[in-house]
Each structure stands twice: as structure tokens, then as C-alpha cells.
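Note that chain A is present in both complexes that follow, paired respectively with chain B and with chain C.
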Partner chain A sequence: MPELRKDPIIDRWVIISTERSKRPSDLLVEKTRSRGGFCPLCPGNEDKTPNEVFAVRTGNTPPDTPGWKLRVVPNKFPALVTTGDLNKRTEGIYDRMNGFGTHEVIIETPDHNATATTMTVDDFKNIMIAWRQRILAYRHDSRFRYISIFKNYGEVAGATLEHPHSQLIALPVVPKRAVEEIDGAQVYHGHKGRCVFCDVIDQEITDTRRIAAENSRFLAFEPYASRFPFETCVIPKVHTASFEDADEAMIDALADIMSTILKKINSALGSPPYNCMLHSSPFNTDVGAFYHWHIEITPRLTRVAGFEWGTGFYINPTPPEQAAQYLREAPIG
Partner chain B sequence: MPELRKDPIIDRWVIISTERSKRPSDLLVEKTRSRGGFCPLCPGNEDKTPNEVFAVRTGNTPPDTPGWKLRVVPNKFPALVTTGDLNKRTEGIYDRMNGFGTHEVIIETPDHNATATTMTVDDFKNIMIAWRQRILAYRHDSRFRYISIFKNYGEVAGATLEHPHSQLIALPVVPKRAVEEIDGAQVYHGHKGRCVFCDVIDQEITDTRRIAAENSRFLAFEPYASRFPFETCVIPKVHTASFEDADEAMIDALADIMSTILKKINSALGSPPYNCMLHSSPFNTDVGAFYHWHIEITPRLTRVAGFEWGTGFYINPTPPEQAAQYLREAPIG
Partner chain C sequence: MKKLLFADDEESIRLLYKEEFEEQGYEVILAANGHEALEMFALHTPDLLVIDIKMPGMDGIELLQRVRERSRHVPVILCTAYGEYKQNLETWASDEYVVKSANLDGLMKKIERLLTK
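Right after this comes the complex of A and B.
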């Protein structure tokens, strides 16, 4: 069973895989699998994945058979496991618990070769519906504190399967990055009585220089202190703490802006590798007044090196104002 | 002039390069330079770098000529610049200041093809002496708050020049990662009245399973909550907050353990790309009772992907106990 271990100095958890642990020789050959070969996520290979837990299907096709437009399955090689309990304990000065959690794969389309450029707004809508449905499935399970949803596109961004997919990991603890955002937003709210994300949105709409795309309900902008070239934040204009509270109109608008901004990133940067991360509120915490969900998209164009790892300081060679201009001018087709 | 910008939610600074800013097409071609070609760091090319600020030389050879064993020069393409002042100001709700600082290159050896495996303990001693000398050169300059020293080895780890070198960046602010370590250590010290790093050392020496190498004054161990396979911490056994206070005996012992552990990493993992980061105390802060300097070495064997970027949570496929065993058994020659 994997273990969750906590750093004794920094409030940071790691997942240590104890069962399928990697030997030095295994570590050196990590590459994207199934490039041109067999793909376990393609239609017809439904028996190569665990049974689906959600799907968008055409007609009356039965589960775990072809006919799906989107399919969610448990990860066959999960980072965390759903059996057992947390069994929190100490090991001398260290804290640990069992690697309890869930790990699912959202197979975004039956088309192995689809990209954000070829996918329709309806395809994006299915993805957003799936993300919402899976979060709602875990929301009232008191064993989980936080859901991370993310997408790795391209080998450099960490994708190990080519077929378009995103992933969901449900965690028994609130991770460091979420705590940092919540703490920062809470301090700001304490001082000013306002949501810091709402204030950022107001300033960006007034300033306009960092806006990459926009629709009636969402803003896609390059953050003022972007760590990476073309780092993009997609955020609802109206204050909402939790992604899963999005209604149909919000899902429609989100699918539209995600389709637009990812197509623009692809056309401006030549379909770069990227990571996409949902930041939504933890479960069972009272952060509604000051937290504001958003999606972070970070193309992987520059390498993170010793300075960044050692300090948490980033060097960004492309000013966000300039990146936004490139994206505004980039075609979506 | 580059700008320092602060994230309005998380206490994180970034350096935005405004002058040599990268267009999308430039970003896609970042590769290690001078592979087999001209190297500006090699002997005979001293006129291709800014004038040296420190060197270890044989005989009476004049500055900026061959005859050096190690040479420190300002970075020709610095991330930060030493001219002007900080000019701290706001931009609406955002904070910024001028990109003031220094950026130096420590050319570790005249041998372009040297690696940790071929370098002698004396070579490592020169590097440690140079690091110490350069920190001491800035220590009493009140414009600087923190020195980051780091090494990127291999293209995957972010090296853009092949010739063995490390880098120094002097910063006008204490970076996020240093603040986190200091805050964590201070809280622990407040509760227990002891240095958390000293307690970690005691536990690791008692436990022995995570020790990779050791000498009379230093421990090299795999941290209990290692984020990465073969992540290694080199730390002085006796409590010291600041690297630059190391005396000759400490420098000798540090050169010995650095040489040993890097040779072991090379032999166990086939000379992998790695980052090496010095973590020492900020200037002009009273952290001596609870902070403890150390060096972090992280081979780059796994990719950091959306889950890690989105949560700050890491998945490590190699338990540190197993990594330490591989390193203990690895030859140094």
C-alpha cells in the first residue's frame, strides 16, 4: 500500500509508492507509452481498463462497450488506493498515514488523435460535465478533503499515455498549494473584506493588457506574476468557491472559453506540451466568502531548474502582457 | 530592466525579463548550447566572459587569462541587474520592484568534459571555497537579503551550457521556499526548544535506513518525505545556520562528502541530470537558533506533472529507504 508522508519542516505531503517501487534502471526509461502501438483507452479496448464509473454515451449502448463520447474509469495503476483506512501514525518525529484515496482517468474522447484544436465545444462540455459529476460523487464522503483534477498533454508535461485524458485524484488531506491559496485569500479578505480573486478580475478587466480571451461569464488572462511564459488563468467572473456548483449555463460558457484558449495556445505556440489544473475549494471547509475557483493552464516551454527548485522564485522570459497579446491575436482554427 | 513581481494571493515573487523577452518562436528552441561547439567558459576564452571576480589560480597567472583551476564571473545574460535601486511600488493591487540583484557563474574546472565522477576532492574543495567567498562578498551589503547558489547538470535539469558550472543569484527579498523552511523550523523550535534539522539528523543516525553516505562532520541522507527518487540532503551534523561560517575543516569534510555522494549518484543512476541547491540562512535575520544550512541534490528522473504543479503534492515511485540502500552500495569510482 502506498504511504503518505509529511515533511517535518515544510507542511508538504508526498505519496511514496511502496509496492510498484522503481529500481534505478526502471527510472531511466520512463517514456510516453503506446506511441503508435496498442492504446488501452481506445474504443474496443474497454476490457483493458477497470469498469467505467461514468460515461457520456450515444444511444443505449451498455457500459464498458464502444459507443461512448467520454468515459471515466479508475486508474489501473493508481497513486492511491481506496481500501483500508488512514491509520495516521508517527515514526519518530515524522508523520505518516496510509496512501488512501482514489485515482480516476477521464477519457475525454474516443478519438486517439484528437487535440484541443480538433475537439468541438461539445467535446469540452462533456469533459466539464464529467469533472463536475465526479467531484459531486465524492463531495459528501467524509474520508476525502480535496479533489485534484488535472491534465498532462505531451511527454514533456508528464503524459504517459497519448490518448486525450485528464485525471482525478481524491485526497484525504488538503494539499499545500490549496492551503497557500486559501490562507492568502483569507488574509486579504480579513484586511479588505473582499475576495482577492474578484479584485484581480476587476483590475484585469480595467487594465485589459493581460486578457487573452473572454466571454460573458469567464475571463482567460495571463497572471501579473506569471511563473511561466503563456501561463493562463481561466476564472468565472462571478464569485464562486466551488467548481462543482456550476450550473448548465456556466458549464456551457466554460466549455466555450476552454476550447477557445486551448486552441489559441496551440496555434500561437505550435501545440506545446501543457498542464491544466483545476483549483477548487476543499470539502467541508468554510471558504465560500473568500475563495474563488479557477483553472490554471501552463504550457511547458521553459525548464524548471535549480534556482526555481531551490527558492520557489521563477524566472519568466515572456512578460504576461506580451503573451496575452500573442494569444489575443492567435486564431482559434 | 527586469522586474520583480509578487503574486497577490501566494507570497511568491517572480522575475519577469522585460528586455530580452522571448517570442513564442524563441521559446521552442531552448537547448543546451555549445554541444561540441564553441564554449565561452573554456580556458583561452576568458575574453568572452565579463571580468572574473574570483579565481583559484596556479602560479602567478594574471586575472582573465588561462592558468585558473576555478573562475567566478558575472553572468553575461543575468536574470537580475546590479544597477539602479529597488524602486518598490504598486500597480493597482499588485506589488513590484526593479529586478535588482546579481547573477554570477562559478566555472568549476577548466576541463570542459569533467563530471562529478572525474573531479577530485580538491576540485570540490575549490568549489566550496568559491561559494563561501562569494557569499562573504555580499553578506554585508544591505541591499541583499538572500543568496541562492545552485547547479544544473544536464539539459533535462535546465543546464544551457555544458561546461561544469554552478550559479549564484543574490536577491533583494527572501524567497518563498526559504521563508517556508524558516517558518517551519521556527514553529518547531517554539514548541520543542530544539532545531528540527538536528532532530532529523539524530533520528536518521539512529534509524540508519535512509543514510546514503557519512563522514565525521556531514550526513548525506534520503529525506523521509522525499519528493523525488534519490533526492538527497547533505547536512552538517553540528548545528550551523549559515554555510559561509564553515571553517577549513568543514570545507574539507564537505568537499569529501559532496564528491562521494555525487560519484555514487552517477554510478547508481548512470550520470543522471540533477539539480543541486544550497539552502543557507538569509542575511540580517536572527534565525541562528533554529535554522540549519544544508544542500539539496535532486536527480531529475521523473517528470513533474499537473498533479504536482496543481497541489504541491509529489508522487515518489522510489522509497527513500530503497534509494539509500542503492547509494550505500554504489561504488564511488
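Right after this comes the complex of A and C.
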């Protein structure tokens, strides 16, 4: 019989379709096509990008030249602008403000054809260092309230270039998804005096059925009320609200678990398109007692349609317990 | 005389470009689609291209790729009626991005700036 399961943080219900549960081979994995052609993110084409704001380089190579392992550049054609103020105003019942914000692209490796499977733990470490450094660069700018860092892999997931990259958007407001999580965590903390994420971690470690990978500092598990097949949450075992507070040991462990889980997803599902999103605390808010940063990875294996858009319900054809088992057994090589 | 190649599937827009930019002293080459633009590019070696993104058949993004395979330095300005391509990193292979407008002042300034770079 199918099950309705409720997410303990945001009270979102999902339908877990246990009767027609789908194995990895039953799921529609849309292959990422290599389109080839000129790539503005490749080494040698630095003149086609804005000047870098951060880079990991070999030797003393100058900025905006080849010799980098990772580069961060502002968006060449940004949708938001970094100049001016917010000028918040109303129009009747509607609120609006100037389109203020920043948008950066993290070029994760010089290798155009690299994937999570071919990237090393050191490559992942560079990415995590860049994410942390860029958040720290904006943290004390009072105009920003929230940083969204995300990666789209594959056309279906929204990637327009196959060269490995992630993106950062700094916003003057806290987005709805983050507010829902924070509010849910605050309510739980109000009732029980504990962090809901820490309680989830404790239960998952005890239960073990939904754990996909683990190291000394991080857990990668399939959430109890997963919306999508193979939806994975990577979370630090120790309570921390802000990703950017991670020290070197945490960054090392995070690089290790990200490398492991993405390699396993690729191996189990044949390099599916996916989105990867960092959820960290907003700036200048007192959520440290009850919020817990984490990374959400959602392989794009099912389509979101009218039912999902209309209700906020999701139908997941692969129970998270099965997905976790497939991932535990998947090789990382 | 600097040569500008405009690729746009709308005839009225092409004629507007021709009228305005010839008056500014440029040699204007027009192409109604991506394939024609590639032929014109090979034939005339323009100093700068203005490419409409939404064209039937070969769209502006593919045309940009084809142009970059032939020349990575010729300045290219992408043009569209909407701003929806701002999320598309393939547009970075161009040098500028403009939202289409009947007022060509902004486009003209960008062309002048790129040609004097």
C-alpha cells in the first residue's frame, strides 16, 4: 500500500508509492549531451569572463590567465545589480524593491569534461573552500540577507553549459524555502527544546536504513519524506547553523562525503541530471540554536506536474529506504 | 569603413538596422537567419556581429558558437526581445547583451565601444 509521509521540519506531505516502486534501471535518466563548441569557462578563454574575484591557482600564475584549478567570476550578464540601495516601496498591497543582488559563477575545474565521477576529493575541497570564501565575502554587507549556492548538472536540471560550475546568488531577502525550514525548526525547538535536524540525524543513525554514506563528521541520507527518488541530504553531525563557519577539518570531511555520494549517485543511476543546493542560515539572524545547515541533492528523475504544483504534494516512486540501499551498494570508482 | 553584420529574422528590424547604421557611416551586411549569417561572415569578414537570439532553425546561441569556432576575437553582441537568456552561460561567448528596442542608442554605444577596444 502506498504511504503518506510527513516531513518533520516543514510539515510537507509526500506519497511514497511502495507498490510500484522503481529501481534505478526503471527510472528515466535523461543523459547529459555534450554539445561541444566554444566554452567561455575553459582555460585560455578567461577574456570571455568578467575578472575573477577568487581563484585557486598553481604557482604564481596571474589572475585571469590559465593556471587555475578553480575560478569564481561575477555573472557576465547579471539579472541583479550590485549598485545602489534597495529603495523598498509599496504599490497598493504589493511590495517591491530595486533588483539588488549579486550573481557569481564558480568554475569548479579547468577540465571541461570532468564529472563528479572523475573529480578528486581535492577538487571537491576547492569547491567547498570557494563557497565558504564567497559567503564570507558577503556576510558583513548589511544589504544582503541570504546566499543561495546551487549547482545544476545536466540540461534537464537547468545547466546551460556542461563545463562543471556552481552558482552563487546573494539576495536582499530571505527566500520562502529558507523561511519555511527556519520557521519549522523554530516551532520544533519551541516545543521540544532541541534542534529538529539533530533529532533527525540521531534517528537516522540509530535506524540506519536510510543512510547512503557516512564519515566521521557528515551523514548522507535519504530523507524519510523524500519528494524525489534518490533525494539525498548531506548534513554535519555536529550542530552548526552556518556553512561558512566550517573549519578546515569540516571542509575536508565535507569534500570527502560530497565526492563519495555524488560518485555513488552517478554509479547507481548512470550520471543523472541533478540539482544540488546549499541550505545555510540567513545573515544577521539569531537562528543558531535551532537551524542546522545542510546540502540537498535532487537527481532529476521524475517530472513535477500539475498535482505537485497545485498541492505541494509529491509522488515518489522509490522509497528512500530502497534508494539508500542502492546507493550504499553502489561503487564509487 | 567598419563592417557590421546583423542577423535577425524580422525584416523590419533588419531594415531599421540598415537605415540607422549606414547613416552612422558603417557598411551594413544583413542576414535573415543563422545559415545566411555564417555565409556572410565567411564572405565579408565583418568587424562586429549583432545577433538576434530567437531565430528559426539555427538560433543565435548556435550561430554564436559557430562564429566562435571561426574567430574567438570578433566582437559579438547578442540581442533579444526579452531578458530570459541571462541565465544561459552560453551567452558568455559573446561580448555584450542587449534587450531589443526601437531606440538604437544603447546598441550604437555598445558597438562604438567594442570597435574602439
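As a convention for this text, the second predicted complex is superposed on the first by the 299 of 333 C-alpha atoms of A that agree within 3 Å, B and C clash if a C-alpha of one lies under 4 Å from a C-alpha of the other, contacts with A are read in each partner's own complex, and residues count from 1 in each chain.
Here is the rule we use: contacts are C-beta pairs under 8 Å (C-beta built on N, C-alpha and C of every residue); 3 or more make two chains touch, one makes a residue touch a chain.
Source: prediction; values computed, not measured.
Contacts of A:Asn113 after superposition on the shared chain: neither chain B nor chain C is touched. With both complexes superposed, B is the one of chain B and chain C in contact with more chain A residues. With both structures placed on the common chain, the touch criterion links A:Val156 to chain B but leaves chain C unconnected. Applying the stated contact rule after C-alpha superposition, one finds that A:Glu181 touches chain B and leaves chain C untouched. In the superposed model, A:Ala79 makes contact with both chain B and chain C. When the two structures are aligned on the shared chain, A:Asn275 is found in touch with chain B, with no touch to chain C.
Look at A:Pro8: by the touch rule set out above, it reaches chain B but stays clear of chain C.
Once chain A of one complex is fitted onto chain A of the other, the partner contacts of A:Asp207 are limited to chain B, with no touch recorded for chain C. In the superposed model, A:Ala305 lies in contact with chain B only, and not with chain C.
Looking at the shared chain after the overlay, A:Thr90 reaches neither chain B nor chain C. Residue overlap on chain A between its contacts with chain B in one complex and with chain C in the other: 79, 158. For chain B in complex with chain A, the residues that touch the partner chain are 5-18, 20-24, 27-28, 30, 79, 91-94, 146, 148, 150-152, 155-159, 167, 169, 171, 175-178, 180-181, 184-185, 188, 196-197, 199-200, 203, 206-207, 223-227, 229-230, 268-270, 272, 275-279, 296, 298, 301-307, 309-320, 322, 326. By the touch criterion stated above, chain A contacts chain C in their complex at residues 35, 37-41, 45, 48-49, 75-79, 105, 158, 160-161, 165. Looking at the complex, you find that chain C touches chain A at residues 65-66, 68-69, 72, 83, 85-93, 97.
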